[in-house]
Amino acid sequence: MPRWFYQLASPRWCYQITGSLLPWFTGAALLLLIGGTIWSLAFAPADYQQGNSFRIIYLHVPSAILAQSAYMLMAVAGAIGLIWKMKVADMVLKSAAPIGASMAVLALATGAIWGKPTWGSWWVWDARLTSMLILLFLYLGVMALNSAIENESTAAQASAVLALVGLVNIPIIKYSVEWWNTLHQPATFKLTEKPAMPAEMWLPLLVMVIGFYCFFAVSLMLRLRNEIIWRERRTGWVRELLKKQ
Amino acid sequence: MSEQLLTVKGLFCERDDRVLFSNLNFALHAGEIVQIEGQNGSGKTTLLRILSGLSRHYEGDICWRGEPVDEVREQYCRELLYFGHQAGVKAVLTPEENLRWYAALSPSINAHAIADALWQVGLRGYEDVPCHSLSAGQNRRVSLARLYLSQAPLWILDEPFTAIDKRGVAAKEQLLLQHARRGGSVLLTTHHELGIQGPVRKINLDQLAGTST
Amino acid sequence: MAGLFAATWRREFLLSFRRKSDLVNPLIFFLMVATLFPLGVSPEPGFLSQLAPGVVWVAALLATLLSMDALFRSDYEDGSLEQLLLSPQPLFVVVLAKVLAHWVMTGLALTLMAPLLGLMLFLPAEGMPGLMLSLLLGTPTLSLVGAIGAALTVGLKKGGVLISLLVLPLYIPVLIFGSSAVQAAVTGLPLGGYLALLGALLALALGLAPLAISAALRISISS
Amino acid sequence: MSFNSFSEFIAMGGHGIYVWLSYGLGLVILAANWLVPKVSRDRLLTEQKRRLRREEEAR
Amino acid sequence: MAGLFAATWRREFLLSFRRKSDLVNPLIFFLMVATLFPLGVSPEPGFLSQLAPGVVWVAALLATLLSMDALFRSDYEDGSLEQLLLSPQPLFVVVLAKVLAHWVMTGLALTLMAPLLGLMLFLPAEGMPGLMLSLLLGTPTLSLVGAIGAALTVGLKKGGVLISLLVLPLYIPVLIFGSSAVQAAVTGLPLGGYLALLGALLALALGLAPLAISAALRISISS
Amino acid sequence: MSEQLLTVKGLFCERDDRVLFSNLNFALHAGEIVQIEGQNGSGKTTLLRILSGLSRHYEGDICWRGEPVDEVREQYCRELLYFGHQAGVKAVLTPEENLRWYAALSPSINAHAIADALWQVGLRGYEDVPCHSLSAGQNRRVSLARLYLSQAPLWILDEPFTAIDKRGVAAKEQLLLQHARRGGSVLLTTHHELGIQGPVRKINLDQLAGTST
């Protein structure tokens, strides 16, 4: 194991490093999100079929992508927590869940809103939609389990098991649902192909996606730092910290 | 001095921000009976659950025959008999069926002696009655019959005499003494005054509580 | 180890036969759905027969899910679960025995009862083999996955039956493949593919679930 | 700039409510994700400081 | 007596909020059915909208039925029920308070959630008021009748949840009137008649059930 | 002689074809403490449940202040406090919430004294902890707090001292004595040797068992 891995395991080191990273990420997130929003709302061209309702994509896709990435992160943290008994990983798991869930809500809500003008109905039982709904349920399950168990380390371990089981299932769910019923657009960004959209449409999207990632990092670090203070409240360094504040 | 079976070093446990015990050190030797004393809520059950490996909410070291208990978990489980607050008796099964399941669970229990053990705990004639129509004490006796069956050297017993009548308690005390004489050791809690003349040592948790690290 | 497996198996059956409710509850639920549907939705055979594959599968899924919570709860409450965890024998053997016994008494029983439901809901006769085969392959997965949820929630005094929330998302692939298999059977399409998928899910669950369940039980008890 | 006037920008070619509803919701969710940890951090710190003071007085 | 009613009411709510599972279980079940149906049966809006009135009512009935068993069981197991029976206060007051609290947390909650289900299952908007009204009048009857079954079976160690069998036949009229009311509302027919019938059933149940429940509890405990 | 509260005449009970007691006669006077003795399974709990009116599986007469208990059921319930094997404590409620519900149930319980009663049974500081995170003895204490609240003259207590520590038992014994002094009466079972110097009478069920009618 490299040295940084063990350092990460130390809540104190983690608190410090996130403290120095936070301003950078906050700045980047603000810049990208504000810029991206203005670009996407005012400057990006309207879609020739869907008109201006197309602009919803600049929120919809980043939040959908993030909802999935956050789950990956959560499950990986869970695995690390279970195998190496690393406290920080437990805390990352707990902190990532509500952010991921809110992203899933945003993706669902923007999708539903977008569906009304394009498909004529708020909700259809389509594959992408259904699997996003299921992803939201998975998040809610992890959060509910985490809050139902009082003891922190028990809660973290139990959630980690659940997150891992869910991770195994995500490709299965995705595959089964997709194959069952598909109405939805196929993916825009693929590693192998060039996007079908014109550049002035997907460039702001790229900006928004990166902005969302930065924002996710900010929110995660904020929550993580709270969690660290709470769980380490009895240690000397937190006492020192509290006195300094 | 006889062999040290269980060694506890610097054990610390807190629940809901209340320190139950801290820096608890003791050793349990073969042939010894140790009674954990303390008021209600002083942490006796918590301690026994930690020692038996059911609970992991502690800091400190627990060793079995000199080795950290986590590393010899399977061996430890093989040599342990734990009797908790909950008797672990299924209400719809008969005493015999209940014990047969325990015999299957731990190889140290001898399956053929079941009828004999039930007889010993005074349940002769009740072998085929479902446990839900036994009295409170009889239910506990079903679980206590495991003591007569077990070959495990370490017994951890949490209030084994609850609901047992006086004759029953006396018999169980004799059994503990015999077990100690055979080289086994017993760690128990009870609010009852033990009537055993023998190698009984007491550990009082009340004095340990509240002394924060 | 085989002895332990057999002993657990025997005990689970004894318990169920003594209590009976555990045994017949899922079946009654299953039957209830079949009776209530024609009453509540529409008694027309044509309409019902369209519904049948889905309704039978949804009913089987719900029946399994509802019976899951009891799997470890009574053992937890009377202290048997502690004894189980302290046993020197490998935990996953006992767990597997319990889950399989549970499956025989719910999943298998449901499978055997399914033709009756099919009849009541006017499922075309060609659909029956597909129905039974898909249930036979699908229900063990439901039991195994459900047991993970049961193990994770067994220690909870409050927040109890989170289990539905935890497990339901994981059940959905089984539901989709299962009901599609029946629909395929009804329309005369090949259903080998679906059955293979159900089999693959089962193999995965059989491999991973016992470990997850054991880990979850240890975690739940230690709090 | 793909709009000629501000009112056109607001109207979004007839899809105004959908677009603005989405962006409004997006703003709310992002803001919540930033504010909630901020607020709970303040609360946590005051609580813990209070606890420290209490413990020191008790000593 | 009003004090006792209020105290029981408060306690039941406290218990439910602490345990949460009792509270959200029927709702989750209700939602689950609404999610599983499209997945298992067919995702087509036209087909689903035909199903919707019946499915929502069947789901509400099953949700109530499944939650009934817990009504007295935990009180029985921890000894509170004995204390209740030994209270000098009239038993039916406590019983009525318990059942009504149960209704508020299941039936009323289901009623309030029903529009969401209606949406997910594409129930035409004209059906919504009928759906809610019929549920509002029908679910209290379900709770009251179900409680009789729960009281009769609470003391049983074995043979447990006969409750479904006992109660189901009594539920069927409610289901029929309820789902017919919704169907009438969807097709634009008058639904006053169905609602009046549901109201009459409710009045009957309110008058008789508390006495039956009290008597059943005394019998169950004395065994 | 003081007033006869409870009179039992020719009581007979059998369970599963086994006669537990037959032709049992006794009277309980005001100011008296009666301890029912007997082995496990001798029928103590069954007797107490019959006397409290929970069980109807008996033959014979039970009178309260001279009148058949069935005819004065409501009056009887008002004057009775019953404490069973099951403590009747809800795990998810706090001690205070649990007691408040009992106060509402029986008018003889004084709701305002709850905090005081919890203090008396040594649960000060635990008022707001849900009972599932209390120890076994603390849970019993929650239910025992009802004794401090009650104004009922007749107390029927089935093994009230289970899981209670020594200090707690002594305090409860004093309470029983006080109750008797105030003119109340107590009918209890316990396998523990009562340390009360006072008006204690014992009834042994072992001698009555098996003597079929």
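Just so it is clear, A, B, C, D, E and F label the chains in written order, and each chain counts residues from 1 on its own.
Basically, a residue touches a chain if its C-beta (ideal position, glycine included) is under 8 Å from a C-beta of that chain, and two chains touch if they have at least 3 such contacts.
If you want to know which protein each chain is, UniProt gives these names: A = Heme exporter protein C; B, F = Cytochrome c biogenesis heme-transporting ATPase CcmA; C, E = Heme exporter protein B; D = Heme exporter protein D.
A quick note: this is a predicted structure, and the numbers were derived from the prediction, not measured.
With chains reduced to the mean position of their C-alpha atoms, the one farthest from chain D (Heme exporter protein D) is F.
More contacting C-beta pairs link the chains of A-D than the other of the two pairs A-D and A-E. The chain with its Cα centroid farthest from the Cα centroid of chain A (Heme exporter protein C) is F.
Per-chain Cα centroids separate chain C (Heme exporter protein B) from chain F by 46 Å. One inter-chain figure worth recording: chain A (Heme exporter protein C) and chain C (Heme exporter protein B) are separated by 32 Å, centre to centre, where each centre is the mean of the chain's CA atoms. Put simply, the C-alpha centre of chain A (Heme exporter protein C) and that of chain B have 48 angstrom between them. Distance between chain centres (mean CA atoms), chain E (Heme exporter protein B) to chain F: 37 Å. In chain C (Heme exporter protein B), the residues touching two or more other chains are 18-19, 157-159, 162, 165, 168, 172, 176, 222-223.
In chain A (Heme exporter protein C), 148, 150-151, 180 are the positions where the chain touches two or more neighbouring chains simultaneously. Within chain F, residues 85, 91-92, 130, 133 each touch two or more of the remaining chains. Residues 18-22, 25, 28-29, 32-33, 35-37, 39-42, 47, 50-51, 53-55, 57-58, 61-62, 65-66, 157-162, 164-165, 168, 172, 175-176, 179 of chain C (Heme exporter protein B) are the ones touching chain E (Heme exporter protein B) in the complex. Contacts from chain A (Heme exporter protein C) toward chain D (Heme exporter protein D) in the complex involve residues 33, 37, 41-46, 51-53, 55-56, 59-60, 63, 99, 102-103, 105-106, 109-110, 113-114, 116-117, 215, 218-219, 222-223, 225-226, 229-230, 233, 238-239, 242-243, 245. Residues 52-57, 74-75, 77-78, 80, 82, 84-93, 97, 100-107, 130 of chain B are the ones that touch chain C (Heme exporter protein B) when the two sit in their complex. Residues 121-126, 130, 133, 148, 180-181 of chain A (Heme exporter protein C) are the ones that touch chain E (Heme exporter protein B) when the two sit in their complex. On the chain C (Heme exporter protein B) side of its complex with chain F, the touching residues are 157-158.
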